[in-house]
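Here subunit A shows up in two complexes: once beside subunit B, once beside subunit C.
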Partner chain A sequence: MTETTYTASRATVAGPQRPPGKARRTGRGARHPEGRTPRGRSWRHSPLQRMTPWLFLAAPLALLITFTYVPVASMVSYSFTDWDGVSPDRNATGVDNYVQIFTRPELFRVFFVSGYYLAASVLQIAVALYFATVLSFDLRFRNFFKGILFFPYLINGVAIGFVFLYFFQDGGTLDSVLARLGVGTDHAWLGDPTSANVSLAGVSVWRFTGLNFVLFLGAIQSIPGELYEAAELDGAGKWQQFRHIIAPSIRPVLSLSIILAISGSLSVFEIPYIMTGGATGTSTFVIQTVKLAFQFNKTGLASAAAVVLLAIILLITWIQRRLVPDDKVDLV
Partner chain B sequence: MGKTRTLTGVLLAVTTLTVAGCSGGGAAGGAAAAPADPGAVSGEIKVLTHRTDLVQNGTMKRYAEEFNKTHPKVKVSFEGITDYEGEVKIRMNTKAYGDVLMIPAVVAKNDYPKFFAPLGPKEELSRLYRFSDKTEVAGKVYGIAQFGTANGFVHNKALWKRAGVTQWPRTPAEFTAALEKVKDRTGAVPYYTNFKDGWPLVQWTSNVGSVTCDAKATDKLSGPVSPWKEGGELRTVDTLLHDIVKRGLSEKDPTTTNWETSKGLLAKGDVGAMMLGSWAITQMQGAAKDAGGSPDDIGFLPFPAQKDGKFCATLVSDYQQAVSIHSGNKPAARAWIDWFTGKSGYSDKEGAVPTLKAAPMPATLKDFVDNDVTFVERSEAQTGPVNAIDNAAELGLNKPDYRQKLIDIARGAQKGSLQDYFADLDKRWDEAAKTAGS
Partner chain C sequence: MTPDPTAAQAVPAGSPAGSPPGASAGSPAGPTAPAPVRAPAPAGRRRFPVGTALTYVSLLAATAVVLLPLAVVLLTSLKTSEEVADGNALTLPGDWLNLDNYVTAFTDGHMPAAFGNTAFILFFSIGGTVVIGSMTAYAIDRFEFRAKKLVMALFLVATLVPSVTTQVATFQIVNGFELVDTRWAPILLYMGTDIVSVYIFLQFIRGIPVSLDEAARLDGANSLTIYRKIIFPLLKPAVATVVIIKGITTYNDFYIPFLYLHSEDLGTISTALFRFKGPFGAHWEAISAGAILVIIPTLVVFLLLQRWIYNGFAQGATK
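Coming up: the complex of A and B.
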C-alpha cells in the first residue's frame, strides 16, 4: 500500500466513525503529519505494526473459520450427497435430498411442537419484562432477586434436563409439592404429548427467562433517571412511566428477544432430547435431524434438513425485520 | 539461530512422521494372520474399548499382564471410550483408530474391507468361533465376537414363586397371565419397560428367531416381506409387549424410568421381570447382593413360545473385535484378539455365551441348559441388506423409537390402534425394501 492511499483511506475511515471533536483533531494531524507526529509516522509504517491488528484477529478468525464456516460449508456439500457418515465413498445426488424433504410432509409435522415453545416464549418475555421493570426501581433485596432470576440461565442445559426429570417423576418433586399443598395428583407429567410438551416448554421458560430479564434490565437501566423524575413531577404513575418511557426505549431489545424466541422455538433441542429423547410426540425438528444423521445414517438428508432449518430461520427473521423495522428511539 | 534450529527440528519430525505414515500405509491391505510363535511376535498395540469401567478399575491391565506371560514382546495399551459408537465413527474417517477395535454398529458390512484387515477365510474361523458370519464379506472374516448373549426375561424368581408361578409360561397368553398373578398377589410391578432409557426396548428385537426356532428368521426380513404380518415373528414379539402395557402390567409412568434404579427394583422384588440379554444376569445378581438379597433369586426365562415342545433362545453376538487396516502390528493385534476371546476367561467372567464353540455355556444360563432350551445362533448372512432396509425406512429395529410409540399406543398416550400401527410399519418396510434393494 502506498503512502498516499494509506493517508487517504485513513482519513475516510477515521472520518465518519469518530465523534466530531476527535475527527477535527485527526484532520489537523493529517494536514501536518511530519511536523506533529514524526515518530508516529515511523511506527505506522513498520510492517510489524501494520500486522498488529491482524495478529490480534488471527486467533478468533482461525477459530471462527475452523469451527463455524468450514463445518457449515462441509454440511452444505454433504447435503448434496447420499453420505452415511462413515463410508469413505459418497455419491453426489444433486438436489435429491431437498426434494425428499419437501415431498415428505411428516418431516414438517414436528414444527407443531415448536408452537408450544413459541407460546411459552411469549409468557417468558412477559414474565422477564415484568420482573425487569419491577427490579429496575429501588427495591429491597433487589440484587438478590436479580441473582435468583438469572441463575437458571447459567446452569448447563443437560444438567437442567436431569434435574427436571426427577422433578416430573411419578412421586417426584412436583408431585410431592402439590401433595403438600393438598392437591394430590396422579398425573404423569411427561405421559401424553400435550402434557409432556407443556412441561418441557415450562422447563424452557424457567431456563431462559433469566436471559431475557438481563437484556431488558440492561436496556431499562440505560434510561436516564431524569426522565422518571420529570415524569413524576408531571404526575405520571408507575404504569404511565412504563407505558411512555420504558416500553419505547426497550423496543430494539424487545424485537431482538422476539427474534431469539422464534429461532429458539424452531430449533429446540437440548431439553426434550435429554428428558424424553423425542418420545411421546415431543420430537422437534433438530431432534429429528439428529436421528436421521446418527440413527439412520442419512447424513446427506440430515444435512439438507439442517440447511432448510437455517433458511427458514433466516426467512422469518427477514420477514420480521420488514414488518417491524428497527426505528431509532429518541426519548429526549 | 535458535529459532532456525527449532524449525529444522519440527520439519524433521514432520518428515519422519510422514515417512512413518507411509510405511504404515505400505503395510495396509495385508491380512492379520495369527502368529505362529507367540513368543516371537512383537510390537505395541492399542485396543479401543467401550468398557471404560474395566479400563478404569485396572481389569484390562491385568488381562494385558496375563497376555504378556505368553506374548512377552507385545505391549498392549487400552483406550476406554464412553461414547464409543459416536466417537469411533468419527475417528474412522482418519487412520488413527487403534490397532484393535470393536466394530461400530454404524459401519456398513460391505465397507469392512476398507477399514479392517481380514482375519482369515470363513471355513477356518467358523470351525472355531461362533458368530463369524456376522463379519464375513466375500469369504473372508473381519471380526471375532467378544462373546454372545442369549435373550430372555430376567425375573425375580422369589417374587414369582410368591405369586404362585413356578412353571415357565409357554405362550404369550400364559406369560401375561403369570404377570397378572404377580400383580394381584404381590402388588409388585410385574414388568418394567425402561421406556425412558430406550435401549432395553431394543432387546425385544433379539427375540426374532426365538419364536419359531429359526436361525435364519432375521435373514428372511430382507425384502418386502411385511415383518408385522399375521404370524410374523416381530408381530408376536411386539404384540406381547403391547399387551403387557395395555393390561397395566408395566410401570405406571414409563416416561421417567431409570435403568440404574431398575436393577435395584428387580433385585428387591419390586419389579417382576425385564426383557434383557443374558449379560444382564450378573449385573442383576450384583444388585441383589447389594440390596441384601440372594443372587439365586435372579432367574432367566426364555421367550414364551415353543416349537415341538421345546423353548428356543436366539444367540446374538456382542461387539466384534477387528484389526485396523492401518495397524502396523497386525500379527500382535491378531494374537491379542485370539487370546482375549479364547484364553482370557473374559466371557466366563461376564457370564456370557463364549465365542469359542468348544467352550461350555456359562453358569448364568444353567436354567436354560438344564431345561433343554435350544440355542439358535442367529444367522447374519443378510444383516447388511436388512439394515439397509431398516435405515431406508427410518424404522429402527435396533432403535427404541418405534417401540416407544408402540407403548404410547398401548397406554393410550398416542392415537391409533395396534393393527393400524403394524400395517403402517409393514408398509414402510415394504416400500423401503423396494427402493433399498435396487
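Coming up: the complex of A and C.
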C-alpha cells in the first residue's frame, strides 16, 4: 500500500500505477469493475454507494430549498395577488402591486433615503482605506488602533441604536461636546428628515467602517514587502507607492466593498428602525416592507416590494461580475 | 483576495526583513531597529516627516469618535436618575460604583431570560451550522455524482439572495410549520440560510489530502466514519472561524428574533434590549446599563479572540 504515499496530490489521477482508491475521484465513467481492494468492492458498486453523497446533502439541501428557494418562489407568486397574509382567499391582481410601488410617491420615496446611506458608504470606504493604509506600516499602538477601529462592527445593533439615540438627543453627547467646544446649539438632530437621515447614515459609517478597514488591511498586508523596497530604490514616493502598489492589489476587495455598500444601502433596517422607527422621513425600503407585511397585512404589496429589491440587488451583483471579472467566481 | 484560505494566516510569516506584513508579529521587525517608528531607519518609508504627527492625530481623532459615544453611555449607566436629569451628558457620576441601574436592567428588563434564550439559540444554531456546513462541503468536495453542478449552483445562487428581502414569504413557511414564536424558528433560519460557512468549509476541506480518505477507506472505514473520524477533526480551524462569525452575528441579530419571537419571555438580548424603549422611556440610566450589559460579552470575546476574529470576518466577507 505504499503507492499512496507517492501520489501526494490529488491531481495525479492518471498514470500507470494509480492507487486503487484514486479511481473514486475520476468519476463514475472511469471506474473500472476490477476494483483491486476486496473490501472496497463490497460497497463501491452497491446502490448505497451512489446514495452516499445524497445522505450527506439531504438535510442541507432541504434547509436551503425550504428557507431560500421556496420563499423566493412564493414571494414572486404573492406579489401578483392582493393577499393579506392570513385569509384563505386571495385575488390575482396582475402587476397592480408593482405599478403601485413605482407610482405612489409615499412608497417610492424610500429609494431616496438609500441615497443618504450610499453617500455615507463612499465616506466609509474612503475612511477605511485611509486607516488601512496608515496602519499597514509600523506604528506605535498599532494593534490598539486596529482594535478600536474594528470593534464597533462587532457591537449589537440595538445597543448601537441606543448609544446613538443618547448621542443625538437633546442635551445628549453631541450637544454637550459642542457646548464644551463653545458651539452652543439646540438643533434637534433627529427632528427633520435631512438632518435625521444624515445622522442615521453617520451612525452607519461609525458601525461598518471597521469591516471595510479589516478587509483592506488584510489585502494590503498580503503585498510582499520587497515591492515597497524596490519602489523606493526606484525613487517612488509615498503617493506613488499607494497608487501603483497598494491600489492594484486591493481592487478585488474594493469591488467587493462597493457591492456590499450598495446592497447594504438598499437593505438598511436596524439602525433607523431602532432609533426612529422610520419616523420623520427615515423609513427605508426594508422598514416599509416589514410594516406593509406585518403591520398592515399587505402581504401582496410587500412581496412585490421585496421582489423589486431582490431584482435590484441581483442586477447590481451581475453588473459587478461583468465589470470586474475576478477570480472569485471560481468559488465552487 | 485570492481564495486561498491560508492567505491571512500566512502573512506574518512573510518576509522577515521588517516589511509591513512582518510588523504584526513583532519580533521579525526587531533586527533592524528596536523602535521602528522613530529610529532613522534606512527604509525611508518609515519616516513621515510631518506625516507621522498627522497620522497620529488622525488615529487619535478616530479613537475619540469611536470611544466617546460608548464612554458617555458607560458614564450614564452609573448615574442616578437625578444626575441624568439635570447634569449634562459629559459630567461624571457621583458614585462610580453605583450599580443600581444594572440591577434594574437585569431584573425589570428580563435580561436573564434573554441571555438564556440567546445562549439556547446560539448553541443549536452554531452546532447545526457546523454540522450542516461541513457535511455539505464533504459531499461536494469528496464525491462525484450526477447533479453535483446543480447542487453547487444552488448554493452559489443562494448567496446572492439577501435574506432580508425574502422574510415576507419565509414567515409564511415558518408559520406553516407552526414554529412562529418558538425558539426553533430562528435556529432553523440561522442554520438553513448560512451559505458562507459552507464556503469556508469547502475552502478548507480542499486542503486536506485525499490520501487520508483513501488510507482509511482501505482500512474498511465507510464514508460516515471518514467524515467523523478524519475530515471533521482536521476541520477544526474552519470550525473555529465559523463558530466565531456565526456566534457574533447570531448574538447581534435583531431582525429574525424581532419577526419571529413575539412573547416577552422569548426575547433574545437584542429584542429584550429593544423593549427597554417602552417601559424605561426617558430613563436613560437604565437603558444605558442595558446597552452596556449587552456590549460587555462582545468586548470580552473580542479581547480574548482578536486574531481569529479579524481573520474570520475577513474570510467570511470575501467568500
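The rule is simple: the second predicted complex is superposed on the first by the 246 of 332 C-alpha atoms of A that agree within 3 Å, B and C clash if a C-alpha of one lies under 4 Å from a C-alpha of the other, contacts with A are read in each partner's own complex, and residues count from 1 in each chain.
Everything that follows uses one rule, which is that a contact is a pair of C-beta atoms (placed from the backbone, for glycine too) under 8 Å apart; a residue touches a chain by one contact, two chains touch by 3 or more.
This structure is a prediction, so every number in the text was calculated from the model and none was measured.
Peer 1: Could you tell me if A:Ile155 is touching subunit B, subunit C, both of them or neither one (first, second, both, neither)?
Peer 2: Once the two structures are laid over each other on A, A:Ile155 reaches subunit C alone.
Peer 1: In the overlaid three-chain picture, which partner chain does A:Gly281 touch, first (subunit B) or second (subunit C), both, or neither?
Peer 2: first
Peer 1: Could you tell me if A:Phe294 is touching subunit B, subunit C, both of them or neither one (first, second, both, neither)?
Peer 2: After superposing on A, A:Phe294 lies in contact with both subunit B and subunit C.
Peer 1: So, A:Ser87: does it touch subunit B (first), subunit C (second), both, or neither?
Peer 2: first
Peer 1: Applying the touch criterion given at the start, work out whether A:Leu315 contacts subunit B, subunit C, both or neither, answering first, second, both or neither.
Peer 2: A:Leu315: touches no partner chain.
Peer 1: Is A:Ala230 contacted by the first partner subunit B, the second partner subunit C, both or neither?
Peer 2: After superposing on A, A:Ala230 lies clear of both subunit B and subunit C.
Peer 1: Based on the superposed arrangement, let me know which partner A:Asp170 touches: subunit B (first), subunit C (second), both, or neither?
Peer 2: It touches subunit B, and subunit C stays clear.
Peer 1: Could you tell me if A:Pro193 is touching subunit B, subunit C, both of them or neither one (first, second, both, neither)?
Peer 2: First partner only, subunit B.
Peer 1: On subunit A, which partner touches more residues: subunit B or subunit C?
Peer 2: Of subunit B and subunit C, C contacts more residues of subunit A.
Peer 1: For subunit A, which residues belong to both interfaces, subunit B and subunit C?
Peer 2: 85, 172, 294
Peer 1: Considering the complex alone, what residue numbers of subunit A touch subunit B?
Peer 2: 84-88, 165, 168-170, 172, 188, 190-193, 196, 276-281, 291-292, 294-298
Peer 1: Spell out the part of subunit B that touches subunit A in their complex, as residue ranges.
Peer 2: So the residues of subunit B touching subunit A come out as 86, 89, 92-93, 104, 106-108, 111, 114, 195-196, 198, 252-256, 391, 394, 396, 399-401, 404-405, 408, 411-414.
Peer 1: Which residues of subunit A touch subunit C in their complex?
Peer 2: Per the stated touch rule, the residues are 1, 4-5, 7-10, 19, 21-22, 24-28, 37, 39-40, 43, 50, 52-57, 59-61, 63-72, 74-75, 78, 85, 127, 130-131, 134-140, 142-143, 145-159, 162-164, 166-167, 171-173, 175-177, 179-180, 206, 211, 214-215, 218-226, 228-229, 232, 238, 241, 252-253, 256, 260, 263, 267, 269-270, 274, 286, 289-290, 293-294, 299, 302-303, 306-307, 309-310, 313-314, 317, 327-328, 330-332.
Peer 1: What residues on subunit C touch subunit A, complex-wise?
Peer 2: Touching subunit A: residues 1-3, 7-8, 11, 14-15, 17-24, 29, 36-37, 43-46, 51, 55-56, 58-59, 62-63, 65-70, 72-73, 76, 88-90, 132-133, 135-136, 138-140, 143-145, 148, 151-156, 158, 160-173, 188-189, 191-193, 195, 198-199, 202, 209-211, 213-215, 217-218, 220, 222-224, 227, 248, 251-252, 254-255, 259, 269-271, 273-274, 276, 284, 287-288, 290-291, 294-295, 298-299, 302, 306, 309-311, 313-314, 317-319 of subunit C.
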